[in-house]
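Common to both upcoming complexes is subunit A, partnered first by subunit B, then by subunit C.
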Partner chain A sequence: MPSLFVLTPFLLLVVVNLPFKFLRKQIALWPAVGGMLVAQVVFSTFYPLNIGRGIADPFEQFFMFGLSLDSLSSIMLLIIGIVAFVSVLVASSMISEERQVFHFLNLILISVIGMNTTVLISDIFSLYVFVEITALAVFVLIAMEKGKFAIEGTFKYLILSAVASVFMLTAIAFFLMAVGSTSFAAIKDAFASNSSDAFLLKLGTGLFLCGLLIKCGVVPFHGWVPDAYSAAPASVSVLLAGVVTKVSGVYVLLRLFGTVFILNAALQNTLLLVGIISICFAAFASLTQTDFKRMLAYSSISQVGYIVLALGAATPLAFVGAVFHFFNHAIFKSLLFVNAASLEKRLGTTDMDKIGGMGSKMKVTSATSLIGLLSTAGIPPLSGFWSKLIIIIALFSAGRPVYAVIALLASALTLAYFLSLERKVFFGKVVASPAAETKASFGITFSEVLLAAITVAAGLGFAFILNTWLLPLKEIVH
Partner chain B sequence: MEKQLILFLIVMLPVAGAFFLPVVGRFSEAVRNRLAFLLVAASFVLSLTLLPSVLNNQVITISQNLPLGFNFILTADALAVFMAMVSSFISAIIIVYSFTYISHYENRGEYYLMVVLFLGAMMGLVFSGSLILLYVFWEITGITSWRLIGFFREKQHVLRADKAFLMTVFGALLMLIGFIRLYVETGSFDLQVIKEAVKIHPLSGLTVALIMAGILSKSATLPLHTWLPDAGVAPSPVTALLHAAVLVKIGVYVFARLFVVTMPLDIPWMNVIAIIAAASALVSAGAALIDTDLKRIIAYSTISQIGFIFLGFTVSNEIGVAGSLLYILMHGLAKAGLFLCAGIIEQNTKTKDITKLGGLMYTMPVTALSFLFCSFSVMGIPPFGGFFAKYMVIAGTLQAGHLAIAFVFLFGAVLTILYLFRVFNMVFMGDVGSSSAKEGSPSMVFCVALFAVLSLLGGILISYPNNMIAIVIKQMITGSIPT
Partner chain C sequence: MTENILIAMIVIPLIAGLLSLLLPKKGCGVFALLAAAVNFILAVSIFNKELNLTFPWAGFGMAFSLRLYQFSGFIMLAAAFFGLLISLYSLSFLKDKDYRRQFYAYLLISLSFVNGAVLANNLVVLLFFWEGLLVTLFGLIVIGGKQSFRTATKALVIVGLSDLCMMAGIALTGYLAGTLVISDIHLGLGSLGGLAFILMAIGAVSKAGAIPFHTWIPDAAVDAPLPFMALFPATLEKLLGIYLLARITLDMFKLDAGSPLSIVLMILGAITILIAVMMALVQKDYKKLLSYHAISQVGYMILGIGTCLPAGIAGGIFHMLNHAMYKCGLFLTGGAVEKSTGTTNLENLGGLRAKMPVTFICFFITAASISGVPPFNGFFSKELVYDAAMQRGWIFYLAAILGSFFTAASFLKLGHAAYFGKSRKENKDAKEVSVFMLIPMITLAAVCVIFGVFNYLPINNFIKPILGARAEGHNFTGSSVNMTLGIITVLVLLGAIIHHLMAAKIMGGGIKAAEHIHHAPVLSVVYRWAEKKYLDPYEVGVKFVKIISKLLWRIDRGIDWIYESLTPSAALFVSRTIRRMHTGYYAVYIAWSLVGALLIMLFIFR
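After this line comes the complex of A and B, so read on.
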């Protein structure tokens, strides 16, 4: 089964590029890509419910690298499916030019192939290759509108990604020297057996971490995040903030540092420190932002900090919390970026000083943004509360009460900057709005409602999500 | 009907029903208003049906185990049912008052959604049998009061709403740290399990202090009280609901639930809290004496009276606790009445500044009389309900031997009489101002008159609430002292 998640988008990519004119018509393209992503959501939802397991994979031999589908991968596939689908929906109401649609969907397909393979793969070198494939597609996506800021944002992301690549490749070389193989299983054994090459392993782990932290965009490697997120076209920023940086940075971090490498005390402390600094620094930085999307970008850095922090606690419960927060964050951050897209489409700007009182004019956007931001701030009963709670309980149980307390109180900061956002944009008197006023389109409204519904459902039905997807994760953590 | 189902409905009817109100309002405003009232009234009536069994010392519990010990537990004992009845009854009257008060403002759908959701969350909080569920409902009340305080959308109002939300959330987060410490120590959020566990391992002082921070911020007690007077910019029914009758009682209720029933505090802690309450009562009474904004004065008065309620719980003898419970009821009735009177005055004269008001006695006699009655109850003048409550609290304090604290609170009571008479004098007596203020609409006047009459009847027929409270106390105290 796992190979289907790679082959289907690949085949679709080949088909849409066949030299037939009708294949390039919008009317065929949107449903094809959208439908493929819906199928991905459906299949990855069913996997943990034990449906479709045990069916022999006929394409197994096709791949040189091992693909394996475990519970962590299935959650990731689910998130990729949902967010990419939403991104396509938003794009369908923002992009209308035929040629651009074609380019956009091709790039989306490539990035989905890259991400799907990244989360399925069990070999560190192939992992690196697919992370790069994803990144390449996304560089072009960000720069697609060719504006000054778009180029600048892409450039920053590109350069820092290149630095990250150097770190990661060097680390892989060390692993190859020390272990003789790049598969997860072999590296895991090498860590467990405490071999003579411990120094190389340590060096490799450290270097890989540096590369990943750049990819995750946590403090102090966060410089590219606000520029890239805010410069990207609306639909791309949903994809970028919702899954791309999460999969190519945070997922890899979770997979390697949660299930493959064995963390020593120094590494744990590093992760805890990076996590807590990201949480606090980015929260303070958010307070001063005046652009909707930049504020969301800083908030994203802060929330990734929670995941890194949880990983530093290095307990199975913390890992569960980290993955839960990953899921929640992908959903509500995408939701908030869709809200930004909605504002941008309606008013032509996301500068919060120029807008106000939109609550009465854009009811759906206003209500769903409220859900998104309260969830981000960890206000119950929304999803973000439960994942933060689990992380904080795990930190307490792991004997790190100081980190737990700081992380918890940072929620008040999160709430503070989101209240200022809400006050400026929605909750207030109407400010004379710019001329460009168009009705929100179906695609955007539907995405908002869908993501908000998932946020609420994940909050109320947290027990179901924990039992079905997350608690089984404890088994794959050592 | 099965008792568990009733308990479930008391909480879930308003919580879930609230979300239908804006939808219904699109078709018919009148139907929505009635539905809002029905949802709240249903909570009251259903609580009433639980009364006989809880008074027979039965405890009704719904329990659903969830992963990681985040269990869904609702427990109805006498204390919870008493609190639920008081809150839902006052809320139902406030909703009737809202019908005309709110009818000419925008965002009415959101208003009813938030008010009913607030009441539902209050019900959930009252019946919560686990700390995590309590926290969830606690924060929902925070969200709804944030939206309600900023209801008029003025810049200043929204800022103050944000202030109130941030202060209470900050307190709640500190409280959550306390809860998590309890969870890590005892392995559960379940109040019953914690109750057994703390008998063996006494509570650490830090945990108590953290939880108290949350309680004080929600009940607007010194030093976390400043959001309450500022929140007076909300529509008057909301201030009545939030600042007088229900929201500020959350902290007091949780204090009783956690530190009187579940894990009784040591004497030194109780003394510290009594001193905080005393300071809070005096400072805010002083503030009420010099302020000139009608609603701010009443809000300061609330802070001051909350001090009395805390005091009664801290002396942990029967008469003191009984006084506090009685005062939760009496203060809720009287203070809601005062705020609703202020709402009528504000709406008809377009000002809240008491120096610009005067002579309203002649133009709005019913409101004036109601205001006077409710004031009498808050002042503690016999035979109004407030008198008995205050008397019992102070008697309990004396019984516990805290002469100095009792004296401070007596002084606080005197200040209460002073500032309420000052308000009454400036607003209702004297020359008729230039304003041609009329009496409020019939339904609004009916509501304030009802609160006034109930404040009086509560005193005259004191034996009825007292008998019930006696049973509540028996359950609280015998439950809390290991035999």
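After this line comes the complex of A and C, so read on.
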């Protein structure tokens, strides 16, 4: 039933835009979008448990491109569902104006359609198209607040995405020349058979990689990340950091370089180098940031570095670790951005020099942020520990001990910058009292608790998750 | 049924010791005396019996196995005798001390452990009680006062370290012999056997207080309660240490007169005699002087046993018994002087002969015994040792006889300074001590005389049965002692008296009679080093450890600086540099991306 994941949001989009006044009432809109996303979470969660599989897809003929649902896509759909749901929850408590709500929901539905299709599709050109659709919706979402920084952030993202598009389109052209088709299966065969033009394939791979690395936002392609993440409105930054860049960049990287292309030694080394440089560089950079969201942005770059690093190890175990870290990172980074949204809503700023001693006033936010950052830093038994552990073990067993040790040491840096954040924001002296004694909204508090609970549960039930959802991934890695 | 007496020998003093902690301070002394008396009666009742008792304990061959025979019965009897005398003496000596309860508790528990160690017929059981004595040793020193904690620690470290050697020796012995049952162990002195013997011997001689394991004893003489000195370094530790040394040389290992280890033991004995007696000679404190003699006399016992000749072994064990008698007695006279005058500093003492006549007579007899004056007991045991030493080499005999000369000299000095001469104003109120303190002293002095005059009594009853087959055909009693050596001894002692009289006249006063030795050209340097504790392995070790720990502390600070200052500032520097690179111009970011893409393409097509 993969087409339902595309058609349902599409139908909802059509319904939302029907010219009936009562439908625009936000009371009806929020639950509709939220409910759709919950349904997506539920379906994708039970996919690996063999429920609903084997039913013929009656809508398949509507699509020119093939959709296929496998273990990797189902995890991606789950992540998209969770994070988009949280983003909608946060937005529901941050945005109140009716027109804004209407715009926001339209755009988020478009981006969900784009991302869902991206993870289901099995054709490299269509994949590019849906990545662009997602990006377009998100450009507008970032700029929705119309401030100077929002425009600047959007613009940087837009320009660098354009550069990425150029790389990726050129690469697709090369693939078409070399293979004669753009479907994954054909490209995979071409790599395996050695019958096609090796030079063109190599060129295409390299260019596509560069484009994807811009989309991932890893060093040295990361220039847009801090600005875009910190300029976006709170609910959008959750979506952007949690899934958009992850799906349009990291997922595609995992899909293509993990299951379609064959990684030769040069590519492996490239990925390892880019990964380790990202980890260290961004971790150092976040050490002296004074803005909560910018620090999170650099931390994101660093964490994506772990995923790229694991991919570079090119073993099934490393791939499993990369996907697990993908999941964990989406959850805890969303959690931390929700924490930032909570602070922003309460205090009107995320500048850490102006915040202090909020621990006693915002108990849920401070407790959940502690869980989020400990998970990021890889403290047992939280989920982030297990994924980092798998990655480091995989690096060792792949014969890359130096990278493993550096990655391990960089975890200490992660802990350092997050502890300094925690000390400044939640402990220490109260610097500024809240502008208004607003009560924390239900949407934000609920998302914080939900995401923290997932982090803790994924850490404690790590063995079950690994066996049920992650180990099937080994089958699709070549 | 009678086997259970062995258990009672261990359990009764132990329970009594624990009980005495609960009793009121006034009653606990009497209670301890009664318990010690019971212990003594039990020891007498089973003396000369042979009993075995074994029941399972820790597994792996570590059965709780006890064996009573001639030797262990004799040691236990002696220990119980001294325990009884000391508890009687302490009744008066410790009258007003706050630590009475703890003292009696430790005393009784020590007696229990001594009984256990002596009866043990399994090496692990032996080690268990042996180490247990370390605890009571520490406790007895530490109750002495503010300064005593340091000394107690020193004793604990020194004895503990040598006990570690013994533990290793026991493990090795058990491994070599394939059994832990002491009476079944008969090992040769092969390469590993020799090592096991040395390790066990270190445990034994350090318990007895031989050089270089002695240095805590003079410190304890100053800090610890006096009855402790009379009980532990003077008697119980000698009994145990020499008992074990005799066991390992006689039964467990086959040490022959030709063995190099025999020479090692004899050298150790000779060195211990000479160094300790030289140190004793220049002491100016009653108790400290005695404590050095407690070390010096061990040398005779080790020398005697080390000769591996029947006469030497008999002499060594007999000397152990005699030494326990007179050294215990001497310490008790020291305690009487301390109780009466409040000091043991010889410079503040004098003329006590008239004021404390009974104490003086006891001192005179015991001092004569230790100096080896005939017909007191020390003479006969020393003659046996001399005889055996002479057979093994004149150099050992020379060391032993020289030791005798200095022993006599130092006791002449002590007696002269404390009991003769002018009465000092500091001790003009001194008077004879209570009868409870006098009885033990008189008893000991009397035994010294009896064991001297009727020396066949202890030798035939106690010593000869221990040697068993080795003693056949030998006669160790008075008449058979080598007459030539006896005459030499008497001449040496006369020489010591003449030397003392002349020196005292020239230097002016009994206490200064040894000053010329103190200031002799080479010796004065050695003495100065010794007084600054340069020659104390423990103090040197402590200093060395302190230097190492200071060094490590510096290194630690250095590492800490790397963590505390260098790493964070380096990280912050890198971080600020990176931050400055992010100028916010998208053109720069595009440039980075393009350069990155170029590098990646170059890398892939390399």
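Keep this in mind: the second predicted complex is superposed on the first by the 473 of 478 C-alpha atoms of A that agree within 3 Å, B and C clash if a C-alpha of one lies under 4 Å from a C-alpha of the other, contacts with A are read in each partner's own complex, and residues count from 1 in each chain.
FYI, a contact is a pair of C-beta atoms (placed from the backbone, for glycine too) under 8 Å apart; a residue touches a chain by one contact, two chains touch by 3 or more.
Here the structure is a predicted model, which is why all the values come from computation and not from measurement.
In the superposition on chain A, A:Asn269 contacts subunit C only, with no contact to subunit B.
In the superposed pair of complexes, A:Ile95 makes contact with neither subunit B nor subunit C. In the superposition on chain A, A:Leu408 makes contact with subunit B only, while subunit C stays out of contact range. With both structures placed on the common chain, the touch criterion links A:Leu78 to neither subunit B nor subunit C. Once chain A of one complex is fitted onto chain A of the other, the partner contacts of A:Ile371 are absent, as it touches neither subunit B nor subunit C. Residue contacts after overlaying the shared chain place A:Asn467 against subunit B, while subunit C stays out of touching range.
Within the superposed three-chain model, A:Ala416 lies in touch with subunit B and with subunit C [touch as defined at top]. By the touch criterion stated above, A:Ser360 is placed in contact with subunit B alone, subunit C being left untouched. Shared-chain residue A:Ile379: touches subunit B; no touch with subunit C. In the superposition on chain A, the residues of subunit A contacted by subunit B and by subunit C overlap at 416. On subunit B, the positions that touch subunit A within their shared complex are 66-68, 70, 106-107, 132, 135-136, 139-140, 142-143, 147, 150, 153-155, 158-159, 161-162, 165-166, 169-170, 173-174, 176-177, 180-181, 183-184. Touching subunit C in their complex are the following residues of subunit A: 152, 155-156, 159-160, 163, 167, 202-203, 205-207, 209-210, 213-214, 220-221, 223-224, 226-227, 266-267, 269-270, 274, 281, 284-289, 413, 416.
For subunit C in complex with subunit A, the residues that touch the partner chain are 571-572, 574-576, 578-579, 582, 584, 586, 588-590, 592-597, 600-601, 603-606.
The residues of subunit A lying in touch with subunit B in their complex are 317, 357, 359-360, 374, 379-381, 385-386, 389-390, 392-393, 396-397, 404-405, 408-409, 411-412, 415-416, 419-420, 423, 427-429, 462-463, 466-467, 471.
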